[in-house]
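Each chain carries a letter (A, B, C and D) given by its place in the written order, and its residues are counted from 1.
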Amino acid sequence: MSPNRLEAFSDGVFAIAITLLVLDIHVPEPMSGTDLAGELGARWPSYVAYAVSFLTIGIIWINHHAMIRRLRAVDHEVLVVNLLLLLFVGLLPFTTHLMATYLKEGEGDHLAAAIYSGSFLAMSIAFATLNWRILFHKTQLAAEAMPEARRRAILTRGVAGLVPYLIATILAIVSAYVTLAICGAVALFYALPMASGSEGRASPA
Amino acid sequence: MSPNRLEAFSDGVFAIAITLLVLDIHVPEPMSGTDLAGELGARWPSYVAYAVSFLTIGIIWINHHAMIRRLRAVDHEVLVVNLLLLLFVGLLPFTTHLMATYLKEGEGDHLAAAIYSGSFLAMSIAFATLNWRILFHKTQLAAEAMPEARRRAILTRGVAGLVPYLIATILAIVSAYVTLAICGAVALFYALPMASGSEGRASPA
Amino acid sequence: MSPNRLEAFSDGVFAIAITLLVLDIHVPEPMSGTDLAGELGARWPSYVAYAVSFLTIGIIWINHHAMIRRLRAVDHEVLVVNLLLLLFVGLLPFTTHLMATYLKEGEGDHLAAAIYSGSFLAMSIAFATLNWRILFHKTQLAAEAMPEARRRAILTRGVAGLVPYLIATILAIVSAYVTLAICGAVALFYALPMASGSEGRASPA
Amino acid sequence: MSPNRLEAFSDGVFAIAITLLVLDIHVPEPMSGTDLAGELGARWPSYVAYAVSFLTIGIIWINHHAMIRRLRAVDHEVLVVNLLLLLFVGLLPFTTHLMATYLKEGEGDHLAAAIYSGSFLAMSIAFATLNWRILFHKTQLAAEAMPEARRRAILTRGVAGLVPYLIATILAIVSAYVTLAICGAVALFYALPMASGSEGRASPA
């Protein structure tokens, strides 16, 4: 199979998952005496979680393109590991909703936060695994040969990108806010203009 | 990255956001003694908001193509600002639903209207920002060189397109109906056949 | 703009609208003493409406391709009339849900049926309008010149395709079942293998 | 019509159906005294059904590409049978939700399981039918001629892929868990790396 069709299908899943996030932001029921400003304000975790997940999926999409661009063909294993990556991307509307719902609750907030950053972690592990297979075991599929030092550097940056999500998942024990802050910081870090031109900065996974 | 993949991903988000709008039009619960015609008639804000948002997203999609067509390549900053534009496009099903729900309510209608046109304003600002970066700071990415006067004219038209949304957002203090009418008029203005062939008229952002 | 991007965006809206139809088929709430077979059986209008709308959107998609294939470029008017066509396609998940919900109700069923076939009628009118503009007023955009007799034949078949939906909408006064049966018969007629190779049969709009 | 547009539209429906699956995983309502871990744990059928359906749609997508790649053009019948295949794919979010909802219920679980694997069976029958028409009756559309033995082998493998779903549907009489286990085993079997390079293993339908 040509990488083009893999890209087109993956782009579809990324675009749909990123757009489905909005379904988890609910419009407050109008009732007499409703203070809409207060109601909307109280839902700020939904907006923050929407923005963080939106940026994170967007950045993974950018990196996915860089990864697939290195291939001239794909085989069954690449297709299946890519499917696993998409499976975790597809879960993000659920984990984002879970985080937004429980962030301010006294109970369940730590677990929800751990699942939220855990889903980013799982997505990043699938991404790094796919990159590792492509760079080191699928050299016959490579669009052009790369020296091993370069391939090792790409993979190292990708694995380094897992660390913040691992920390965020562990720190969910302390506070759900800390977890959200770390995930947001990672998204901002990779999105900020300073990262421009540096594939390393652009790669959270 | 080639502009083609940016276009394909953005088209996906535009197409999904525009089609998700329908999920906010609810079918009235059937109950004995229900006057379906009356129930459906009372929901006219949903249909108007659907039509206005649908046309607005459609016009932004048309303009987006004109903007990206000027590029022969995209860099990290273009990708990220485009992602910000898509983030606001992705919010429109929520702000449209909010507007439709509160338009006829005595409370919250002004705020809902301000958020509705405010989301169009935010989308248009992101669009103008992207256009400004592309036209004046990314000339190395341009598909072909353009005289500065022409670039300035394109940007001026885009910034002028912000004004109606700014006015609509301010006038939400007066009446939510005024805000909706202005947003609808903007959509009709750019969609009307007279605008045919004129890129200026076709560009609300 | 090249017709390719118009096709890609339209394909996106067709594909999303066709897939969103499933969201209107609800899973019965499990309760002690629930007779699931009975509950699912009672929802047969949902399945019939799903199948009819799915086939109808699919056939419109096939015809849309035939129409756009005749163009070598698109202008602002083609984009806007196409957007209007997509606006009605985007409404189908709502009108399908309305039909499925009210078909068996004693009240509102006639109106729901009229709106259901009315939405197919509106979609077909938008389609015929677009075809008419393309065939008779946009000859400068045509991929290749066609004799007027051939263009007239294509348009006549398209307009003839409106008639069943007009009849179905009128007969909603008599019975919602009659309306559904006509819409289903139209979908089957165009889908049946006998129609193979005949563009006329393949064109409901 | 060129196979490319058929592929693009089908890819869209596959990508949307696979991503809509997540909408059926619900976030537990936060209530004082809620044990979120327990609530989430009790919903394991949702996660298993999500994973099985996601992998199954993904594998069908891979096989769909292999099938369409053999064509240089498509005719009306191919379009319509493909539409029928997509109709069943589009139903999977519903049947998956049904399975996840009733798996642990004392009543309705057998029927829900039969419908779940039955929808995979229907999808596979549509797939095999399309393959049969393409391989044996549409040779004029083939990208390149294939010896009959090879065509017969491809079809036989496809029909063999129906058998597990038929067994799973019948065994729903015994236990819904058995049905789910068989469907999961089929998905894993085709996804496992050993299958790499073997089109036979990659083809459940």
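In the analysis below, a contact is a pair of C-beta atoms (placed from the backbone, for glycine too) under 8 Å apart; a residue touches a chain by one contact, two chains touch by 3 or more.
What you see is a predicted model, and the numbers here were worked out from it, not measured in a lab.
> Compute the distance, rounded to whole Å, between the mean C-alpha positions of subunit B and subunit C.
Roughly 26 Å, centre to centre.
> Taking each chain's centre as the mean position of its Cα atoms, how many Å separate subunit B from subunit D?
For subunit B versus subunit D, the centre distance works out to 37 Å.
> Averaging over Cα atoms per chain, report the distance between subunit A and subunit D in Å.
Each chain reduced to its C-alpha mean, subunit A and subunit D end up 26 Å apart.
> Mind pulling the residue numbers of subunit C that touch at least two other chains?
8, 12, 16, 20, 23
> Which word fits the touch map of the chains here: line, ring, star, complete or other?
Here the contact pattern is a ring, one closed loop where every chain has two partners.
> Can you identify all of the chain pairs that touch?
Those chain pairs satisfying the definition are A-B, A-D, B-C, C-D.
> Show which residues of subunit D lie in contact with subunit C when the two form their complex.
Residue positions touching the partner: 1, 5, 8-9, 12-13, 16-17, 20, 23, 75-77, 79-80, 83, 86-87, 90-91, 93-94, 97-98, 101-102, 105, 107-108, 111-112, 115.
> So in the complex, which bits of subunit A are touching subunit B?
7-8, 11-12, 14-16, 18-23, 25, 27, 30, 32-37, 40, 50-51, 54-55, 58, 61-62, 65-66, 69, 191, 193, 195-198, 202
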